[in-house]
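Look at the two complexes coming up: subunit A is in both, with subunit B in one and subunit C in the other.
Up next is the complex of A and B:
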């Protein structure tokens, strides 16, 4: 196997994993309490939400990846950005419609439970908060934090997909299946591997968060460095596994 | 002509996405699948014996992913068997049989998990004197499966249309690179995470605590003390789904529909603007780069518009509802 390709796989998988971890720390997740309007954020689990957003991005990124004949730095950036925008759009719509449900379905004003004043819009939060709750809805600071987080997570997921598709599981590796099937197996293998590495990093970061987080203004965000170190190690191990798998699939020789 | 067909198919996919997520939320309300089920679970422990269906197989994304991927995998295998039986250009007829059979396989799994989850969870609460009502159990299984069938069916159709988008619209290069099961996996996870994040709020914040004051987040002291009485008689999930279907479900369906619509729309507009669809549809990196860049730019514009939409919504709510009053 080409050592430069192996190095590229390793670096991009680590970068993708770190971006996934950063993204998970930035999206506002309230878990089960948010479904009762008892905590700020989106009413579902961290991993599931980030995974859903990243997979939406991966869908568009995989379409965009077919636009390019050969891999190039420009193609890599455009595919990764397509994935980032896809994930960002998924989370933006979800947060906006969740807020519409809070406002019109439950009569609740979106407020933060962790800060007294919204750091971006400077709107006071405490007077609007229901006592004995940890905030409710998705306030503007959490919305913008989630927007950026989904963008970064989607970028990481699509980046991993592009590199794995072109360097770890290229269609030439499955040539005996015929051109059409080889292309499909190559894309599917890269998609599954990218999603798998992404979810491993997201789960590690979710442990660090411990259930709920409001975004970059939440005190829990300060725990980020520990998660980044763990995710770098896990991503590096995943990258090594992929390099070994690719090396084995290609018969132990060059791809 | 193929472009009109392509846009028509994309609109059909967006409509199917709306229906899929609508029924996903309705199914999660019928079976008490997701986050608000923590209160159903807690109710018996705080002395609130109830007649709710207690089904939380797993998080909604994972369970929907399981049904969709199973359905798509079975449909895919059947399609590979059936398609050679039809003449060239009429292979789509194979899908008429393969997709419902695949979805049926996924829903059999759903039925098994709904049964074991409810019986297991309720049996585990016998120490809190929570009875297992057999009429509740039997009466909810069919609504759960039928709602689940609609979701899985729509997701499988979306995956089928996307995997064969090019063939169906006469531009073969537009077939999605992912195989049918992987597309089912992706949209199963996504439909579940949207249904869980959006639709649950109407059930959890409003319907589950309807005898508590409206217009405030539900305080921690209320947790577990769910509303157990319906407009007439004792409340079951059937009363809940009838309420949530008026607002929570349509809004949830709209979320997924809008995501799919704008994701496809920006990609196809990028292809048109970048000249990718007009260069004889061979892979062309320069036109592809332009197509991708335009798609990204459109997506960013939509994303920024959504931020302003949220700013407006939050400001409107603060002005209209005012600060918290009460104790």
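Up next is the complex of A and C:
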């Protein structure tokens, strides 16, 4: 196979993995304590949130990708941005409705437990926090952090999808199925492979933050470089697997 | 008034014979069965399903032994990690088999050892991510045996995907699998159901009175459900190389038998472990 295509796959899978890892560190995940309203964040695990956001991003990205016949830098940017917007929308709705449940259902104020003053709006946090808890709901700073995280994660996932669809599993490899079916097979293979690499990176990053984080203002955010190194290595190996699969699919031969 | 008690031993000292086998024993059985069923793609689906069942139970056992110490993100994360590595490893393995290690006689694929390359790659990724997760310099989760657990999960995920793909498509040729399994969307079922079979048993049964033999019965039960669904999928798809209607019906029957038998076993074990079983009056109480 073409060595430039192989290099492109490897680089984009690593970049996508790093963006996924960065995204996980910025979304407000509360886990089980948040389900009882005693910690800041959305009341579910990192995997569920990030996988949900990335899959929504893949849906929007794959829809936009059908408008482009041939890969071009403009197509790459537009597809990746549409993935980012899809992920942002999904996470925004989740955070909004989580907040509505906390405020109108549980009767608690969205407040951060890690900082005394909101770093963005400068609103005081500590006076509104229930004693013995780690905050409640999704306060402004976490909401904005979650937006940025979903944007980065969705961008990374869609970037991987675009490169895998056009260079790792291009429709020309399945030409015997007919043009329309070949496009669909190519999209399905790229989507599942991108989702597999994305969850692997998202979960390694989730282990790094120990399951819960409030956003970029959380002290745990300083652990980010450790996750980035681990994710870069694991993504590189996953990219290598994809390159091997493409090499085999195109019938082997010299690189 | 509480009396301080001595810390309870994590594992019972003397391993009993019969069910459940030791962790290593179960791993060896599952790997041998899984590899034999994977490299012989011409076998009927319900025979491959036996391999699939053992591979998934082994995966559930690996999830159990790593999640016992608390992952921080909930048990499901490590099951999803296993299928994430599994799907990458399976694609790479089928790609390798496309180049070499795939022997076809008279249009029937008789031996496919190339896919084992993908299993080895998934094991490597799992081992390296285990090292990174446990290392003090990196994620430092400090879970004993995490490297081994993640390696096993990578292998179990890959073998599960390969077996499921060959059950639905009837072959392990990457182009046929991409067409029958990926294009049809069956991969989405496989993705989440394989993860479910690995993480759900421990996620549902964990607690102070968790019992390894009882937990693993849930995994058998879910693998039966997966076989029923895959049988229906293969009837609906009628893939280009699939082994025919009788094969799919056999798979569904195997799934139903496994599901019913292990569900009954699990309920009986749960009753045995209970202090007392009392009926609510709504359902007839089973003694």
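Here is the rule we go by: the second predicted complex is superposed on the first by the 252 of 255 C-alpha atoms of A that agree within 3 Å, B and C clash if a C-alpha of one lies under 4 Å from a C-alpha of the other, contacts with A are read in each partner's own complex, and residues count from 1 in each chain.
Definition applied: contacts are C-beta pairs under 8 Å (C-beta built on N, C-alpha and C of every residue); 3 or more make two chains touch, one makes a residue touch a chain.
Keep in mind that this is a model prediction, so the values were computed, not measured.
When the two structures are aligned on the shared chain, A:51 is found in touch with subunit B and with subunit C. In the superposition on chain A, A:192 makes contact with both subunit B and subunit C. Legend: residue contacts after superposition of the two complexes on their common chain; A:104 is shown touching subunit B, with no touch to subunit C. Within the superposed three-chain model, A:172 lies out of touch with both subunit B and subunit C [touch as defined at top].
Residue contacts after overlaying the shared chain place A:31 against subunit B and subunit C alike. In the superposition on chain A, A:210 contacts subunit C only, with no contact to subunit B. Of the two partners, subunit B and subunit C, it is B that touches more residues of subunit A. Contacts of subunit A with subunit B, set against its contacts with subunit C after fitting on chain A, overlap at residues 31-32, 45, 48, 51, 184, 188, 192. Across the complex, subunit A meets subunit B through its residues 31-32, 34-38, 42-45, 48-49, 51-53, 55-56, 58-60, 62-70, 72, 74-75, 78-79, 81-82, 85-86, 88-90, 92-110, 121, 123, 127-133, 135-140, 143-144, 147, 183-184, 187-188, 191-192.
Against subunit A, in their complex, subunit B makes its touches with residues 34-36, 38-39, 59-62, 173, 176-179, 182-183, 185-186, 189-190, 192-194, 196-206, 208-209, 214-221, 223, 247-248, 251-252, 254-255, 258-259, 262-263, 266-267, 276, 283-285, 287-289, 291-293, 295-296, 299-300, 302-303, 306-307, 309-311, 313-318, 321, 323-324, 327. On subunit C, the positions that touch subunit A within their shared complex are 71-74, 76-78, 80-81, 83-89, 91-92, 94-100, 117-118, 121-122, 124-125, 128-129, 132-133, 137-141, 174-175, 178-179, 182-183, 185, 187-188, 191. If you check the complex, the residues on subunit A that touch subunit C are 31-32, 45-48, 51, 169, 173-174, 177, 181, 184-185, 188-189, 192-193, 195-200, 203-204, 206-208, 210-212, 226-227, 229-230, 233-234, 237-238, 240-242, 244-249, 251-252.
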